[in-house]
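Going in written order, the chains are labelled A, B and C, and every chain counts its residues from 1.
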């Protein structure tokens, strides 16, 4: 077997291009989720604030996908960074400026810094100890917010003033945030899109691939000279920054920051959305968050208690019966139609690109 | 005098934490399962006991024992059906599934018993104060300290001195080796789980005066139970006793001495301890 | 590289000691590896070979003694930095990234060596260069055809070759091969032989191996370890003749 491969002449090999240059017609499906999101703006009258909340959860789930899905950092304390972002954006709006972008940037930066600092401490440890440390950090942040009433409002929460018009720079009047939340929806969608592109680039990058490697086998990565700890810290920081943006967006959209934004329950919910959609898929965050929020909206309207049954039951069902989440399910469904063709196809230099895209998407 | 109150209150609180968490430390150490839903069994114990007392007039002591037995049986059932498939899965699957169980238990308890905390149903003889000579102290708390101490001694003999305990410790240290020695590890898992859940149910029932029973119980105190387990060292019986008492005393001291910090002090110390000793204070041999 | 034949050892170990409690697992081990060396390290089970590898790579800290690479002491330098300095190992058991393709496994290592691994947003040309370079290592070992396949789908022999390809892609000056043939059925053992023959001549190689035939075919010098200490060093012919080695090692190797 290997004799034959050894005597075969080496294949011509052209590495696939990446980025915009690599886009082909078969990548057109990317338009679907974004197209739906934009169509929602035009046709979903009266649902814009709901849509904004869904987008915020998409972003939060995406941030967890980077840390937990790709880097394998098992955390149940990610709400800490969401809450930090929310309180930062809130406090900035109350005391400094109501410019939405300034608040959002500060929320992102502060959450990122705290992510790096706490990451530096906890990412030396492994397994249950690390998991507990993420819980301890979240609990500490919660207690700080609970007790520091002069800044956070304690359990009354913090009321956030309406944001100033968007992009009102250099004499431009900017876009006013209307009561129906339409501007807010587009603003949130744009921020989510920017972060999505960044996340997409990151997971395909050498950096992202090395983290995927660390998740699979830290020993191997050390053996090729990877500074494992630093790399984890960097990814954790990026993920925390992204979660901070999500929190900041929520503060600006709902105009109220409460202790719930730091609660363990929120960390749990975002984990549910991630596994429901499918880890390491990026778009899994979309599917998971949309599905979850829709179910929550429906179940809570019937009876809030059912909602608890639904999330608990969903979580258990996904773990026991639906590995890979909804994205995994979609794979299986499409695989029934297209699977045979792909499996039998021999890799040739033309299909290298197809294989390359697959390793990233279809893991 | 304040120090004395802190110490006694802290020990009483710590004993409740110990009773509830000791089952968790043994199962987590033995089966390597991250079981976040353990608090649900304590909550169940609390509800069962209060139902028995109110609706059927069962005396307090018997109601807690009854709650322990029912929780043990339900725990055994859960081990066979839900937990067993989990042993082969990764940490993340275990965390998520047992977290899902918490939500289900919250919903179930809200539906059955309503969203508000259960009113205490202590018997008369535990309501008063006891004269200690130089001061008086609530008899309920002294009772907790007494029962906790008694059970700690009994558990010490079961875990550290009996044949069952020897097998248990062997399996905690090296499950593969225990299997090779002909120990029926599956049966051991089930029995341990039954015992752990029974203790949790008992602890939840008897400790209802300190940790009030409500639907969100399992979520609210989840981190506290886990802290006892992890600080003590997974699978370490003595560690969990030491950790439970320390956490009880620390949290009480923090709330008496620096109330403006709330539980922050506790979490801060827990955080530091975990960084310093990721395997806990008194880890069993296998973890070092 | 090839200029430096002979004179200075590239890896030099002096009186290395390691105790686990009262148990001395490495007792004053000294050895030199010159550029282009092919040193076989043998010894019965428990002789301390794996411990020595862990000491050299920095996974364990020695109690005393000195390790220097290219004349520079590397004591106290972290394992991943030793790799950057050219001290590379392969693993006895697979530690490959099973979910990645074969080529990605090598390319990730290349990216790490070239310092591209921190690239997050702009990386297209660099990553393509890494893939191209990865391809050359895979074709060098004759497994480039399977470059697009996930490692988990590959036969074990190819996984072992991938382990070597990754090590080579790090451009080692010193390569520690820890039982490269472990787990390969004897009918396929020629795969490893052929791969070892193709290793660049200037790399200093330390081969730790149970398979005596492989060691005697490959090594130009052999060091025998017993109970944590070096028993004797010499050419394969000298080792084969040595009565002490026969008594201590070859006699027992029948049972291994």
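Side notes on the structure shown:
What we mean here is this: a residue touches a chain if its C-beta (ideal position, glycine included) is under 8 Å from a C-beta of that chain, and two chains touch if they have at least 3 such contacts.
Since we're looking at a predicted model, the values are computed, not measured.
The minimum number of touch steps linking subunit B to subunit C comes to 2. Of all chains present, the one whose mean CA position sits nearest the global mean of protein CA atoms is A. Across the assembly, the mean Cα position most removed from that of subunit B is the one of C. Centres computed as Cα averages put subunit B at a distance of 49 Å from subunit C. The distance from the centre of subunit A to the centre of subunit C, each centre being the mean of the chain's C-alpha atoms, comes to 40 Å. Subunit A and subunit B, compared by their mean Cα positions, are separated by 35 Å. None of the residues of subunit A touches two or more other chains. Chain contact summary for the complex, subunit B toward subunit A: residues 28, 34, 82, 85, 89, 91-93, 95-97, 99-108, 110-111, 219, 222-223, 226-227, 230, 234, 260-264, 267-268, 270-271, 274-275, 278-279. Those residues of subunit A that touch subunit C in the shared complex are 1-2, 5-8, 10-11, 13, 15-19, 21, 198, 201-202, 205-210, 212-213, 216-217, 219-220, 222-228, 231, 234, 347, 351-352, 355-356, 359, 363. Of all residues in subunit C, only 57, 79-81, 83-84, 88-89, 91, 95-101, 104, 107-109, 111-113, 116-121, 123-124, 126-132, 135, 139, 142-150, 155, 157-158, 161, 166, 170, 188, 191, 194 touch subunit A in the complex they form.
For subunit A in complex with subunit B, the residues that touch the partner chain are 68, 74, 76, 121-122, 124-133, 135-137, 139-140, 143-144, 146-147, 264-265, 268, 271-272, 275, 305-309, 311-316, 318-320.
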